[in-house]
Amino acid sequence: MITKTSFQGKLTKTKDLFIPFVVAGDPTPELTIEFALRLQEAGADVLELGVPYSDPLADGPTIQRAAKRALDSGMSLRKAIELVPQLRKRGVEIPVVIFTYYNPVMQLGHDEFFAMLSENGAEGVLVPDLPFEESEDFRKQAEENDVEFISLVAPNSDQRIQRIAEKAKGFLYCVSTLGVTGERNEMSKEVLTFIEKVKEYSPVPVAVGFGISTNEHVKLVRGHADGVIIGSKIIRLIENELDGLEKEQTAALDRFTKELHELVK
Amino acid sequence: MITKTSFQGKLTKTKDLFIPFVVAGDPTPELTIEFALRLQEAGADVLELGVPYSDPLADGPTIQRAAKRALDSGMSLRKAIELVPQLRKRGVEIPVVIFTYYNPVMQLGHDEFFAMLSENGAEGVLVPDLPFEESEDFRKQAEENDVEFISLVAPNSDQRIQRIAEKAKGFLYCVSTLGVTGERNEMSKEVLTFIEKVKEYSPVPVAVGFGISTNEHVKLVRGHADGVIIGSKIIRLIENELDGLEKEQTAALDRFTKELHELVK
Amino acid sequence: GRFGDFGGKYVPETLMGPLQELEDALNEAMDDPQFIEEYHHVLEEYGGRPTALSFAGQLTKQLDGAKIYLKREDLNHTGAHKLNNAIGQALLAKRMGKEKIIAETGAGQHGVASATVAAKFGLACKVFMGEEDIRRQELNVFRMKLLGAEVIPVSSGNGTLKDATNEAIRYWVANCEDHFYLIGSVVGPHPYPKMVRNFQRVIGDESKRQFLEVEDRLPNRIYACVGGGSNAMGMFYPFLEDDAELVGVEAAGKGIDTPEHAATLSKGTPGVIHGSLTYLMQDENGQITEPYSISAGLDYPGIGPEHAQLFQSKRVRYEAVTDQEALDALKLLTETEGIIPAIESAHALAQAFKEAGGMDKEDTILINLSGRGDKDMATLMQRLEEEV
Amino acid sequence: GRFGDFGGKYVPETLMGPLQELEDALNEAMDDPQFIEEYHHVLEEYGGRPTALSFAGQLTKQLDGAKIYLKREDLNHTGAHKLNNAIGQALLAKRMGKEKIIAETGAGQHGVASATVAAKFGLACKVFMGEEDIRRQELNVFRMKLLGAEVIPVSSGNGTLKDATNEAIRYWVANCEDHFYLIGSVVGPHPYPKMVRNFQRVIGDESKRQFLEVEDRLPNRIYACVGGGSNAMGMFYPFLEDDAELVGVEAAGKGIDTPEHAATLSKGTPGVIHGSLTYLMQDENGQITEPYSISAGLDYPGIGPEHAQLFQSKRVRYEAVTDQEALDALKLLTETEGIIPAIESAHALAQAFKEAGGMDKEDTILINLSGRGDKDMATLMQRLEEEV
């Protein structure tokens, strides 16, 4: 079904995608760049760059903590977008998706927002609280600006799945389970049926996120979906090194990389 | 108007009556006898022997305190009546009026109560919360037992004054002022008009009580009424000697006597 | 001024005049349709009447017996039936030209009701309250002050309701010319018990009408708690001539076989308290004793003289319920119906709950929910914190 | 799902299904006369409606201007208008077959209302409450537990209402299949603002009928306080097509020129909060900021989207009143009318009192007294103890 490349041609793969999520500025903007490099090294195909928000409705405690650390470091939507050229400069080549709640975008203004994305070279955008029905104008503007607007479908999206999937751009974010982001012990079997259904309609790769936190999960999902999105687990790996990062950065980053490889091997 | 002697013939005087009030058992039964003797010595014509009560509605703080001391010393209605023969034995010859709230009398029973009065030789009874309208049977029984039932009239008794006064026995207790018992600085001039009115109807001496606390009050009232009733002030004189009574009883009693003479001279 | 052997005016002579004045004014007022209309108007427009009659469906199901209805006096302004009476007496005070009212209070509910009507009708208000109660009921003291009332601490006796009442009466004796004494229950000298009952019978009158509307018959049994007894008299009075079985519930405190209870009819004897001949708790010398109940509103050593008569004539059955039984009933009502009752009212509930299961499913029970439990939260937290 | 530019469903995809399910069920229910009848039956038989419309005679006299009437939502069971909505949603939850409800609460009033209806209708109830609020509102926490609800402490953010709401939404996302989220105000994603307004419009509908009965005309001005804005929407909605001037009163806290206020319309800007596009308090980066008001019920950084529309269209005038002005108004009402209002409601009073004197004596004012002040006693004691 997958017919075309995306992200301004930068994503050519349509299988076995690894899409990690980090929060810009967690714990500092500089370290976000380091993590991005390690993630790319570990095979990341797209980077979700999260913008920290005061009221992250869709996120569990792990990402809430990361957002708090990032806000404390002074991060904002504007600064997160401006981090993209710095990522490029340091060698991050994979497409970057700006992940942000809607309110900061609204305050910036749609025009300014898309102008900034273009100017700074971000290839995609994901707004977790801007569902299909509320996003028509926004999607149009994204398309006009050649920015991929990432849509989400959930197990209870029901008859809306087709509608959402058919219009998907970049990749389709398949929420594996009801609930907020966060690690989970079990992946339900039903999620596989759900993925199959989504794939029927999606013109773009179907990536699965929410709760993917072990190598077993990764392997299970890979067998059915076109990609995995990993957020909370990666943030937890970062969190584990927070002390280390202050003392011996390289060693800490190496430990992070090792754990990361274990996760996505 | 005053036509007959009363209190089983023991009160022959009908003018210049001095009627003190003490609480039986304040601070001890033994001392009550001592005080009674001193009062008689100072010219008392009738002794009001108060029975301490838990809820003395008509009394101010001074008599409330006395009642508490007396209750603490184990006093009761029965014991108060039984104190009368002891008073006699020690030389108290003036008529004794048992002053008691109604509830203890009710618990003892009217028959038993009057039998005890007769047996112990108390000549009168005053029940401050048994007004004229509630006391018909009780008054009848008092009369049958040759016990003087002391009635009260107040400045606001209005048209009831005549009715009450006409049936008065022993002496008529004229409440000088609205309020509970207790010392007061001023005696109102209106009280004198009120006394005159009461005297018109009363077949027995009219004595004035409530608030009489200085020699000036005493002299003022004497000029118009047939007698004065002094309660709180006397209890206060006792109260002043409470410490002294424990250490040097005779000296304390002498001080009490001296003050008493000043009061009623 | 009598209910059979009970009632009367056992007061100092100085109060006989004011009581007569009150009685005359009361009789005149109760015969004046305009007064009655104003009284009902204020109850409705200000107090929130009629109060609801609620069917307790979940509770009925759980107890699996008679159908249980609740008369919702907790929905009155200020949270209890006390306001009905306070409104009536305040209107009467105004009619009599008295610009100052005095009131006694124990836990503070009647004090708050009195301070409320005083504010509403522009009257000065002094509330007598025992020092011990002031300490225990800090919030209600503040509430009264906020309403503009002066709270007079009473240190005599044990500093509780009985003493506050004594002191209020004493103050009234001295100031009866321009003060109206607003008694909070069906106690005190005539005409208070009758007056307060008449200002509370709106509870029973309304209940009767509402019950007939819903059930097209009268309840088989009616329960009300009894301290002084005003909510019970108000509820029972309009049903006295009917077939309904009436049950008054006293506070058994820690048990009527212990010294710590307030079960005046169950364990007391006739005597005189606060100007009225009735049942009371006293020792062998006729000294009034201090009652005990977890409920500050039932913690009174006397009882309205009309209850004494209804007890003697057996028209009303009186039962006693312990602290623990009342608390259990409070919890049950809260969990099944979402209504936190006053601990006073929970006594009536407890007795009804004991009996409901043994009754036929076609039978009906009416319980007077005399007040809401908000005022009891501190007590409940202390007693129930570990259980919830 | 829009009120002009405002409203909408700005929620994670996972909630779109549940919101549609809710909307379908709601539409069906509101078209079902039996549902409407049951809702009104419970409001009356259980909640105590209709609430009184009280003429504030003493107050009118003192302010010497327009005639002041109070809509007495304080007389509702549990003490505020919150119950109207909780009853409506609980009935809907039952109709949808959801046996578990969740609710957010700040000061605890909506939590208590939710726990109350949960008990009444036999539903399980989880109340999300910020840790800081739990500490400040110990009594309401206990009350909810007594009613059988589980209180879930929320430590994210500052541990206040905003965070409790976030957490309730998050919990709902994960448990939407068998849980009904009972939102306490006219906020949140569509259809909540409309649903809650419809469950609260009984305030305005009743007021209109009652006012016409008494005055044979409509009020010139109507005041209501606005936090999330449910009591105001409920009051205003039936009057939107009429001539009455409508005034919504926000909390100016320590002053709208200080950073400590909760005047969302006066000082906020459009944005998205809790799933709805509306006015809110935020910084230049679009991060939501923490509001402040002495009143825990007005202490919310957003406002119902319908208010945003009414603000934009100027159909409603919005004013802001400081803590101190609200406290002064609270005292004045208490002293003149014997009604201690909630501090929330005192904001509406304060604005009305400012304006009443300047109005014609033939003019009339209607103020929505959204709740009673009992819950605020601790705050009032702290602030007013020295003054009373």
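Observations
Letters A, B, C and D name the chains as they come in the text, with residue numbers starting at 1 for each one.
In the analysis below, a contact is a pair of C-beta atoms (placed from the backbone, for glycine too) under 8 Å apart; a residue touches a chain by one contact, two chains touch by 3 or more.
If you want to know which protein each chain is, UniProt gives these names: A, B = Tryptophan synthase alpha chain; C, D = Tryptophan synthase beta chain.
Computed from a prediction, not measured in an experiment: that's the story for all the values here.
Chains making contact with subunit B as well as with subunit C: none in this assembly. Of all chains, the one whose CA centroid is most distant from that of subunit B is A.
Inter-chain spacing, taken between the CA centroids of subunit B and subunit D, is 67 Å.
Chain centres here are Cα means. That of subunit A falls 98 Å from that of subunit B. Chain centres here are Cα means. That of subunit A falls 38 Å from that of subunit D. Contacts between chains trace an open chain of neighbours here, each touching only the next in line.
Two chains count as a pair here when they touch; such pairs are A-D, B-C, C-D. Listing the residues of subunit C that touch subunit B in their complex gives 8-14, 16-18, 156-157, 162, 166, 169-170, 173-177, 269-275, 277, 280, 282, 284-289.
Residue ranges of subunit B in contact with subunit C, taken from their complex: 53-61, 64, 71, 76-78, 101-108, 128-134, 152-158, 160, 164, 175, 178-180. Residues of subunit C touching subunit D in their complex: 44-48, 51-55, 58, 72, 74-75, 77, 79, 115-120, 122, 138-139, 142-143, 145-148, 331, 334-340, 374, 377, 380-381, 384-385, 388.
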